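Order of writing sets the chain letters: A, B and C. Residues in each chain are counted from 1.
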Amino acid sequence: MDTQATPEATELRAVRTTGQGTPGALGAVLPFLVLLAVGVAFPLFGGGYWGVIATRACVYWVLVSGLNLVVGFAGQIAIGWVALLTLGAYATSVLAAGNVMPALPPYLALVCAALVGAVFGLIVGLPALRLRTFYFAITTLGFATIVTQVALAWQSVTGGGIGVPGPVFPEPFASQWGFYYFCLGLAAVCTWMTANIAASRFGRALTAIRDAEVAAEASGIAKPALLAIVFLFSGAVAAVAGGLFAALQSYITPDAFTFDLSVLFFIAILIGGRSSVLGPLLGTILLTVLPEFAAPLVAWSTFLYAALLLVIVLAIPGGIAELLDFRNRRPLESGRAIVPQPRLVARLLDAAPATGALTLDQLGLSFGGVRAIDGLDLEIRPGQVHGLIGPNGSGKTTTLNVISGYYAPQRGAVRLEGAALPPLARHLRAHMRIARTFQTPRIVGSASVLQNVMIGGTIHGHGTFVESLLSLPRHWRDEAMLRETAMLALAAVGLERLAPVRADRLQHAELRFIEIARALMLRPAFLLLDEPAAGLSAEEIVRLSTLLLAIARAGVGVLLVEHHPDLIFDICHHVTVLNLGRKLAAGTPAEIRSHREVVNAYLGG
Amino acid sequence: MPISAADPLLDVAGLSSGYGKIRVLFGVDLKVGPGEVVALLGPNGAGKTTLLRAVSGLLPWSGSVRFGGCDLTGFGPRDTVKRGIAHVVEGHRVFTQLSVLDNLLLAAYGLARVERAARVEEVLELFPEIAAKRRERAAWLSGGQQQILAVAQGLVRRPRLLMLDEPSAGLSPVLVDRVLVVVQRLREAGTAVLLVEQLIEKALAIADRVYALTRGSIVLDAETSEADLPHRLEQAYMARSGRQG
Amino acid sequence: MIESIILSGTAMGCIYALIAVTYNVMFSASRVFSFTAGTLGMLGGVLGALFIARMGMPVALGFIVVLAGGAALGLVTEIVAVRPVLKSLDQHLYVLSTLALALMVQQFTAIEWSTEPQPFPRLFGLARVDFDQQFWLPMLACAVVIVGLELLYRHTLIGHAFLAIAEDNYAARALGLPERGLRMTSYALAGVIGALAGFAGGEMMLAFFANAPLLTFYGFVPVSLGGMGNNRGAVVAGLLLGLFQQTANFLVGGIFASVAVFAVFIIVLLARPDGLVGAAQQRRV
């Protein structure tokens, strides 16, 4: 069903689904407030023993909140994070006790431990950039073992097997309940900080790296820098947890830091669910408290955690967060139509068009002995749609991949307004206002449609990680700007009604349009599309044509790699035909259609 | 080569299939009679390979597929092979670490040892160019020889229906003809062949009937003897899609 | 002293190499690494001590039962932790499912068997000599497995089928090879190899549940250095690892030997993420 939407109506709808003070926002904060209230009131009904358990849960959560960003959001399988707890515990204790240098006040020791933790978090985490998943997991395990063994061996500092006393915090935090409130306070602060990151462009960028890495690159997200910050933060926070742990235990030895603890942290996040803060929080509380209900359970606790993990992985990979996601259980309307709105496209793409063309200049690339691209000249002019067609293996997608930086040309160059593009800098293309879509839609399935589109505009945010962490004004301005732009982009492609829906519930065609909306967030000068019509019905192809023509009319240079004759002959201003890496013919669609050789090549003669 | 009797009729009706959320085939109807060579043509992305994969059980599908009177619902590739369908996949994929002989013996996996050896010898007689290299590792064969080996693998079990996915891809014209001569011989011996091809003229020269598939639907179904076929095919390929979503 | 380093280094190296082969056999069948490889090694020692020392079975019978136990755990790994996640879109669930399974087995062993290392029986009642059975048993096991696998892969139809599935899973399925059955058999075989490693190395490593994480790590080092799926590389790397570790042990002591091994491992991996030798023959794409 076609609905005509005026810009005003769209904006009204946009405001209703976003913004603070709406029921949606309160619903998100409420569970945390309830937990905080329970925590604050806890000493009233909990005894001494349960006080220790509750304090322990708070301390564990301080670590897990940081690790959540690494494991839950960034998807890095860091199993050996107990190493940082160990480091933090020993650093704090040793500095406070004065084994190495004059004793520091406990708060200062804690801060120093955080610095140590940050550095080591980076050291443990950085191999993730280079190693495959399983390899990285194993290295973190190895690291955890090493740290414990060093603690055992370095007797002069750590007391070896005998251990060291933990730090003692001054009043009012020296008593059991005083210390409990201290830990509860820190846990609350960590919850707040990590929730801020989760709802920021950094959190979304992390999930993009995890689930749709190529799309993240194409959106300009630099994986190394982002992961480095996250490892620094996570390491620091884990070390602080270590200091608190040492104070709670009042005396630490190396065998307090068992592999079991690492398992607990890791599993708490996975049981809780990825891309969630509430889920892992509940998971941590659950796993800390569960074994305490029956004495035999304590011995079997790790076995239970592992069994729980197995069940979650096999049955509910989304964890507790998925169970609590009521909103996404509501059925979607069937018979949904995607209705692009050209007027909004023009409003969105109001940035100045490029002054020059994107050209391929005698481009050449071979794989082994095969010439994938052989001396290709091509010009994508702003405001025009340039079609690139050819049989399978002709080099169409390879050409697109060279332009977007996946392969370096061996001969010739890709030039933007005359200057050659740096060959393999995939993530810099976004900064040059070159956007692209992919043959198979690369989407973060567990995120909402709106969040997916907002990922496209990540590099347009100005606030730093710390500003988001502390919820400072620039973070809010960024969020408002990204949200508004994303809603406009969704309205432009015709999907604004689906903004809050989890992306993996959508149909294939809708995912394709979401990719385009995401690309448009960059307000690109050039848009590269890789077979966008594949899997679309005739009706949807017509809508796609409308959209692409509107985009071109707004001044964008569009490169369209396609098979579908409909799309090519209807909307392209120019068509280049490739065969075996070489340009077979080039011209207007009418010229190409009647070109004998082209017909043969295309049909495979 | 002696071929088992029985009637190898492939009857596909209303076949739909795809990859996860991406639907590729929308209600395809297709028939192959015993001993017939049927060509399946169409532009890239039309779904030809998907169709073969659905029939051989490599992909889940809905609709109806009957082979020799038997309903293939729920059959995986192992079951369809046992029933008498051989699927030679695209890209002349053979096992490069194994010898030609071992590649062929693998195709007979599950048969008794003596029968395995006998069938393999039968097939090697059909293909002297690879028989000469029987002990060589498949990695050292040329692309064309590997394609011949792949076809030979498909024939080891004496299938009633052989499905070939673009056997000419990446081959020189000489080798393409060589492969098609084999198809000719198969037809003479009574094996049905479903041939997916990009080279229209060659396919039309050898097939009895032809289907054209575009965007997941059959748009043409004709005997190769019919007049004006190349032109009709071109129209079918370039035509505007009138299909509903 | 040098002699003792060479003997213990080679013996431990053979154990690590066998665990690496266990990883590789599972990997070849499913393109997935399983955390249960190290656990299998641990079980080889623990079950050996349980059946032979504690329950008094004759050595030969105990040996067979231990191998059967390894095969069983291998099968369980495939059925419970690998098969269900192979189909899923999330590539990395297998890391979690196999980790969970491995932890469950380890914890169960710790609770039901013992948290302390227990002695492993002397398999042949011979007197202790320099070139003692605790050294040559692992070497013999390694040699037998390597030769056996070569024969399997080169000269048997099922070995060829394993190679086919590893090289090109899609073509193998299309040809009608029983992919699931072959995968299960591979995992059972891997289970036998892992258990054998632990059994042969039982006297050196003792029957200790904490051998599992140890072998998980040290058994993986040869895999990553020798190339995924590459058994020959794994053996060479395993032997080098064993010798390096014992040498470092002797020179700087146990703790720093571990640090040294880990440091070398990380540095090599960061420099060559695909291993020193490179992955086993892959289908050209």
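The rule is simple: contacts are C-beta pairs under 8 Å (C-beta built on N, C-alpha and C of every residue); 3 or more make two chains touch, one makes a residue touch a chain.
Predicted model only: the values in this text are computed from it and were never measured.
Asks: From the centre of subunit C, which chain's CA centre is farthest?
Replies: B
Asks: Hey, which chain is the most central one here, using CA centres?
Replies: A
Asks: Report, in whole Å, the distance between the mean C-alpha point of subunit A and the mean C-alpha point of subunit C.
Replies: Centre-to-centre distance between subunit A and subunit C: 35 Å.
Asks: Need the CA-centroid distance for the pair subunit A / subunit B, whole Å please.
Replies: Taking the mean C-alpha position of each chain, the two centres sit 43 Å apart.
Asks: What are the residues of subunit C that contact at least two other chains?
Replies: If we look for residues of subunit C contacting two or more partner chains, we find 89.
Asks: Inside the complex, what are the residues of subunit A that reach subunit C?
Replies: Within the complex, subunit A touches subunit C at residues 75, 77, 79, 127, 130-135, 137-139, 141-143, 145-146, 149-150, 152-153, 259, 263, 270, 299-300, 302-303, 305-307, 309-310, 313-314, 317, 445.
Asks: Okay, in this complex, where on subunit C does subunit A touch?
Replies: Against subunit A, subunit C makes touches at 33, 80-81, 84-85, 88-93, 95-97, 99-101, 103-104, 107-108, 111, 213, 216-217, 220, 224, 253, 255-256, 258-259, 262, 265-266, 269-270, 273.
Asks: Quick check on the complex: what are the subunit A residues that touch subunit B?
Replies: Touching subunit B from subunit A are residues 391-393, 440, 507-508, 511, 531, 534-535, 537-541, 563-566, 593, 599, 602-605.
Asks: Can you list the subunit B residues touching subunit A in their complex?
Replies: By the definition above, subunit B touches subunit A via 18, 21-24, 43-45, 169, 197-201, 215, 233-234, 237-238, 240-245.
Asks: For the complex, which residues does subunit B have touching subunit C?
Replies: So the residues of subunit B in touch with subunit C come to 20, 56, 58, 77-78, 80-82, 87-89, 93-98, 102, 105-107, 109-110, 153, 157.
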